[in-house]
Amino acid sequence: MIEFASTFIVSAIQILLMLLATPLVCGIIRKTKARLQNRRGATIFQPYLDLSKLMRKEVIIPSTSSWIFRITPYVVLASMLLIALLVPTIFAPVPFHWMGDIITIIYLFAAARFFLALGGLDAGSAFGGLGSSREMSIASIVEPAMMLAVFTTAVTAGSTDLSIIVNRLSTTQASIIHPSHVLAFAGLFIVTIAETGRLPVDNPGTHLELTMIHEAMILEYSGRYLAFLELASQMKLLIFLSLLANMFAPVGMAIDTAPLSLIVGVAAFILKVAILAIVVALVETANAKLRLFRVPELLMVAFVLSLLALILYSIIGS
Amino acid sequence: MFDTQTISLGIEILAATILVTTFLIVSSRSLMFYVRLFAIQSFLLGLVALLVAVGFGETHILIAAILTIVVKATVIPIALSKVIDKIKVRKEIDFTINITTSLLLCALLVILADSVARPILEAQRMSDLAVFKVLPMSIAVMMIGLFIMIARKQAVSQIIGLLTMENGVFLSGLSITYGMPLIVEVGIFFDIFVAVLILGVFVFRINQTFDTINVDTIRRLRH
Amino acid sequence: MSVVYFLVLLGIPVAGAIVCTLLRRRRWFEYVTVTSTGLTFLATLWLTSLVLQGATIMTPKGWFFLDALSVYLLVIVSGSTLVVALYSIGYLHRQIRNKKVDGSMLRLYYILLNAFLSTMMLVLVSNNLGFLWIGTEATTLATAFLVAFYERESSIEAAWKYVIICSVGIAFALFGIILTYFSALHVVSSADNALNWSTLIAVGKQLNPDILKLAFVFILVGFGTKAGLVPLHTWKPDAYSEAPAPISALMAAGLVNIALYALLRFYILVNKAVGGSFAPNLFIIFGLVSMGVAVPFILLQRDYKRLLAYSSVEHVGIIVFALGLGTPLAYFGALLHMLNNTLAKLVLFLTAGNIRIAYDSKIIRRVTGAIKVMPVSATLFILGVFAVTGWPPFGLFVSELSIVTAGFSAGNVFASVLFVGFVATVFVGFIYYATGMVFGEPSRHDKKGDGDTLSLVVIAVLVVFLLVLGTMIPTMIYNFIMRAAAVIQV
Amino acid sequence: MGYSLALPGFYFALLIGGFSFGAVVSLFFVRSNNANELTSQFVIRLGKNLGFGFSTLASLGGCALSLSVLLAGSPYQLEFGRTLPFGPLSINIDQLAAFFLAVISFLGIAVSIYSFGYTNEFVGRRNIAVFVFLYNVFLLSMALVVMAGNAILFLIVWEVMSVTTYFLIIYEHEDSSSRKAGILYIVMTHIGTALLLVMFITLAGFAHSFSFEAFRHVRTQIPPSVNTWIFLCALVGFGMKAGIVPLHIWLPEAHPAAPSNVSALMSGVMIKMGIYGMVRVFFDFLAPGPEWWGILVLFIAVASAVLGVLYALMEHDLKRLLAFHSIENIGIILMGIGAALLFSSFGSKTLAAVALLAGLYHVLNHAMFKGLLFLGAGSVVHATHTRNIDELGGLAKKLPWTMFFFLIGSAAISALPPLNGFISEWLTFQALLLGFDIPDLAVRLAVPVTVALLALTGALAAACFVKAFGVTFLGLPRSAHAEKAHESSFSMLFAMGILALACVAFGIAPGIMISLISRVTSSFFGESGSALSVLNVGTLTIPRGAGSGVSPLMLLSLLAGLIIAPIVVGFVLAGKIRTRTAMIWAGGLEKVEPRMQYTAAGFSKPIRMIFSNIFRATHEIEISEEMSAFYKPQIRYELKTESIFQKYLYAPVRQTTIAAAKIVRRIQTGHIQSYLAYIFITLILLLLFAR
């Protein structure tokens, strides 16, 4: 019973932490980018303000849409929250880890994307279709790339359970720097850029029909629905950054619930995510948006890198 | 009356003559001439049968001999010449295989016939049949009959070829078995006779419908 | 006593032919012919029961005899003739109504049909090989005018080719018989018996193998021409496609079996005398070549009756191949296949006849949507197509499977694989053309309707029979075929 | 388990009798095609409903039979028909057969119920009695295929199944494409059967019997070369039916041509008969073979999966699209089977068991969601009379229930958690990853590549179903057909409901089915519990290594909770949600026009560009000139993709065959002289031979 309660408490902490950290990461990236572009930029807390404003606004529902339009924000957000429960952030294993492994997580992302794309098509506008089409096309290469990158670590650890992977990698130091992991990391980084709609794949800052992907899909959303979708997409970024951070560098990860190790865990997590966020901002600043049909080439690089990683591991062995 | 040797000799000479008539058919162009040669050939065949019947005491062949002379040497040639008269085709003009080549090929066929007959002759070396040498000739006649059908294009020539084949078969029967049992022989005669009648009717029909009896022109049915 | 049996068997169709010559009214020809063929069929059934109970029936001089093999074919052939006679009634009526046939031709048709039956019976009951030959040649003569029945240019051409080619072949066969007789004369004391198959088979081992080999070559060419083995089959597509549908059916169902029967008798004899693999190898080669050469003609064909004719070539190949394998299962399969093929060919040729009348064309492409113009015939036709291409649950599947199984177990793996390949490829052609003919939208003027009820019922019964043979062969028939197969396995 | 053996006999009788009665009964109600009077319509309806009633009943019997066999653990056997010359025929329902029988029967129930309503539109237009006859025979033959305990019976019912399918494909035979599809199908399947025939006879040569029991007894006595021969025959022969690449070309033609209830059965279970055959031969009749068997199967599996889904993406015909997805899913199933073959050739029975289990579970799941999707497509076609999704759109409002069920089907086939498609793909991934335990270079190369392409397949499938579902049901109607659509009848919706429920149930509670299927795999590999365990109904774990698991039941409940949470939190933080319905911005026009929406072709264009090497797309744009420049010109855009298999495999084979046939055909010259010459030559050759 106590175990049960602690499971819930720990989970609640994790989800709250993620919820709170999510807009912040987004704010950090924006701020860094602004600084790099010699602008002052808005405060790093600006995303919180945006979300709270949107929460209070009226929702306009297109007359042409069906109930798919309305459930999409909830499904997407719920999927992200569910993933947030499964991804180890400050401690591993997370209480609910037995519920779903890395395959589940990737397919939960797919589920969210599936509904998001349907939501884009539902209104019947040209932009929605455009966004959905591009999103699904890009995802069709990104998703396998991600899976392979993660499998590289999974086979090292002998499990597809993310918490177990992280736990194992943090305890058995020897296998951390397997050459294949370098490739996998590179692959997963590109995947992160693509999945979270950053430059050079997508530009989260503009609404230009030539370049829009994610924004085009949610163009008809407004008010609280938009707030949920924005939150979900920001959370996706955070999840990816945590994956990158904890799978390849599980340094400082708490492996028990002792207060000290939890504090170390939190600190390590914030540090790693912040560094990654800045790297993302750097990449975004240093690159221009790619032409849409150049994007697949980049994604193919990710796919091939990840595949090579897995094959390399497979052949060299542990 | 005569001893077996003499009779055998007679049969051999007659058979050789039959082979000669066959070659003559191959070498000629006139349809009427074919029919006459066929009549002569059949008459000679009748004589062979007669010799066998009388000489070896195989009396049942007597009837076959008479039938040959009556039907093959008389009735059929007359009927065929009537047909030729009616349809007013006198000559073979173009050949599938020309006469010179035909003759050469027929010579080869005789050699082939000999080689076919040899095992039979060897197998029955102990036999007392005196007319064994006739077998190769009869096989040759048979083959040349078929050859005529291939080389010639007029429908009547094909009938002549077929009848020549039949003569060859009959000759072979006479030579090695002194003919089949009577009733079988009669049945065979009946069949051949009906066949010639039917073919004659068809020649008329072909002439009516196609205005020619050149079988080369009737090839609507293909594939 | 035994003479009576043969008198009855041969006498009924001859009497039928004679009575037909004396009559004037159209209806009477039909009654007489149906009666004569029906009685013949009943007589064969009666004789079959006698043969199956006791031993062989033979006339005193040994000219005629019946054993399990010959009564098996008697039943098949006389049954087919009865079916054809029943079908002819409606078919010719419609042809007369459509002004394709003159009413006065009816008498000739029925006379020749009776004559045809009697000649076929003669072959099947002959123990004397001379009579066997006479009968076979007579079948050609009886059918010559039937092939040319429509008196079109093409039908006369077909008939001419048919008679000439078959006569040439049969002349060689006569020579083969003479050679056999010759070798027998040295063994058998009485010259009268020397042509009797039963006598020959009894002394089989003493016959000179070299002469019999040679004889068999001539006989194979002779009766092979009649049966339609490639490359001696050339008359077949012409004659089958030009003859009236019931006659094509009877040629494919009756005549083919007659020729195969004649071949089979000599095959048994030669196997006994020569032994070894001489005759079997020839059969396997001829069988496979016949099947293989039929394939391209079936794949690319424009005339559906020719399509069926080539199918006949193929199936003769199958039967001959099976006989060549020489195992009990193969013999069983071959004999069963004779029955199955007969049934399937009857179904196909007779329904094709109905299609022919409705569409007034033999060209495959002109026939579309038969299922709408003539639902029953078209259904029976497509079922026949599946049956003839060896699909379960029809009988041909069982017989072909027996043959292939026998082929594999006899060690002829490559030949058997080829066999399977040919059968499968033939189906491609059949289904391609049959689908186009039976289904789709008919062109507007094709509204002549289906065949008469009597003939459709008869054909449907045949289809049901095929189904029965494909799923549960009745024990009686099974044992019958086993008895007949035992004759081959001397 | 003596008590349960009395019942299977009854269920078996129900199964056989039900289908047979159903088939025969309808034929008594044949009426002419254009029966318009009310009474005759009533009679026709009565006949057809009786027929479908019997088939429903028989399918229920089949379900009960298979469950009783699976639970009892002992096979149900029956011997009959000693009249054919190959020994007696027999029925032998073992675990594997029972599993496939369950799939057939379950889908049979749903589709039969669906047919009550679906076939109403045929009444008075077509010969429905024949349809009902064929339908019942089709189901019966499939049931008998899996139940056959003897090669002869197997071949007979296998071919009966093919014939009935052929007739069902060309049921609407006025359409020339239906006829072509039917011909293509039956020709391919017949060639496949020829190979199977050779295979069975080869096996029978060793076993001296055609019974499967005898095959099993000699499995270790067959020499390796013959084993390979049998393996290849089975792979191609059954692969033809399963629709593996490159033998798949009949499938996208045949499935759309048939009426939708039949398509559902064809795609849901008929192609699985090929899988059944493979499993039967590979694991039951053959001893474990060399590793290249498994690699070859994996290669085919990968090719089928990827190419299947890619071709599906290019399709705008709803039923063709689904048909291509069947190829894809056969590929996924074969991944499991290939991995099982591979593992078993290394002697890893437990791994092989998991892989086979993954494959078989996907068989079941694919039957459910593909059946559902085809029924949904049938409902759409029924309502709109078009299969072209570019003429559809906005059906969400017209066919709300169909849309809901189709959504579940789409989500399931896209492997979205927690539905059933996800579970079987998860299992397949796990099975493949287990292959890393095998220390062999070839395996270690084959496994990651398979994994990668399976992942690619899954992602592309999701993209394809966003397109299919989105363009069909969402947005605005693109044609008058779609505008006039109406919801289907209750029986159709009910049937779809059953299958949708199954998709959910097999997803959230995989434990039940997996414990049943593991009885099948353990019949081949012994106890397999060590590699996969079912913690409870809703949780699976792979205990190997450090362990990994999934609990779809928990996922679903948490997801539900997390959907509700934002609603509540939002309400607490910012009050009640305020909504307003309005027209979307139409780029300055008065209102949004359907033509402004993205089309299916547009949707899949990025993917077409990415995989342009495979598609070899060519397009034609034609702008009509005669229109005034100020008025909308007509633009025709035509897109063609080219099948590499058609071009480089089938077309050359066809042309070569025809060319060869034309050469042989020359022998029939028409000259009687040449015919006589043939006789002469034959004679001479034979005389030489006789020497």
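The first chain written gets the first letter, and so on, giving A, B, C and D; residue counts start at 1 in each chain.
The rule we apply is simple: a residue touches a chain if its C-beta (ideal position, glycine included) is under 8 Å from a C-beta of that chain, and two chains touch if they have at least 3 such contacts.
Note that the structure is a prediction, hence the values are computed from the model and not measured.
**Student:** Quick one: which chains contact chain B and chain D both?
**Tutor:** A chain counts here if it touches both chain B and chain D, which gives C.
**Student:** When contacts are scored as defined above, which chain pair ends up with more C-beta pairs, B-C or A-D?
**Tutor:** The comparison resolves to A-D.
**Student:** What chain sits nearest the middle when you go by CA atom centres?
**Tutor:** D
**Student:** Taking each chain's centre as its mean C-alpha position, how far apart are chain B and chain C in Å?
**Tutor:** 31
**Student:** Indicate the whole-number Å distance between the mean C-alpha point of chain A and the mean C-alpha point of chain C.
**Tutor:** Roughly 79 Å separates the two chain centres.
**Student:** Using mean CA coordinates as chain centres, what's the chain A-chain B distance in Å?
**Tutor:** One centre to the other, that is 101 Å.
**Student:** Using the average of all C-alpha atoms in each chain as its centre, how far is it in Å between chain A and chain D?
**Tutor:** 35
**Student:** Which chain D residues touch at least two other chains?
**Tutor:** Each of 665, 668, 672, 676, 679, 687 in chain D touches at least two other chains.
**Student:** Going through chain B residue by residue, note those that touch at least 2 other chains and give them in order.
**Tutor:** 116, 146, 149, 158, 215, 219-221, 223
**Student:** Listing for chain A: what residues touch at least two other chains?
**Tutor:** Nothing qualifies.
**Student:** According to the definition of touch, which chains form touching pairs?
**Tutor:** The complete list of chain pairs in contact reads A-D, B-C, B-D, C-D.
**Student:** Over in the complex, which chain D residues touch chain B? Could you list them?
**Tutor:** Result: residues 665, 668-673, 676-677, 679-680, 684, 687 of chain D touch chain B.
**Student:** Mind listing the chain D positions that touch chain A in their complex?
**Tutor:** Those residues of chain D that touch chain A are 393-394, 396-397, 403, 407, 411, 414-417, 422, 425-426, 429-430, 433, 436, 439, 441, 444-445, 447-449, 451-453, 455-456, 458-460, 462-463, 465-467, 469-471, 473-476, 539, 541-542, 544-551, 554-555, 558-559, 562-563, 565-567, 570, 573-575, 577-587, 592, 594, 596-598, 602-607, 609-610.
**Student:** Going by the contact rule set out above, which residues of chain B touch chain C in the complex?
**Tutor:** For this pair, the touching residues of chain B are 116, 119-120, 123-124, 127, 139, 142, 145-146, 149, 155, 158, 162, 165-166, 168-169, 172-173, 176-177, 180-181, 183-184, 187-188, 190-191, 194-195, 198-199, 202, 205-206, 209-210, 215, 218-221, 223.
**Student:** Can you list the chain D residues touching chain C in their complex?
**Tutor:** Residue list for chain D touching chain C: 81, 83-86, 152, 155-157, 159-160, 163, 170, 173-174, 176, 179, 182-183, 186-187, 190-191, 193-194, 197-198, 201-202, 204-205, 657-658, 660-662, 664-665, 667-668, 672, 675-676, 678-679, 681-683, 686-687, 689-690.
**Student:** List the residues on chain A that touch chain D in their complex, please.
**Tutor:** 52, 55-56, 58-68, 73-75, 77-79, 81-82, 85, 96, 98-101, 103-104, 107-108, 110-111, 113-114, 117-118, 121-126, 128-130, 132-134, 136-144, 147-148, 151, 154-155, 157-161, 164, 168, 220, 223-224, 228, 292-293, 296, 303, 306-307, 310-311, 314-315, 317
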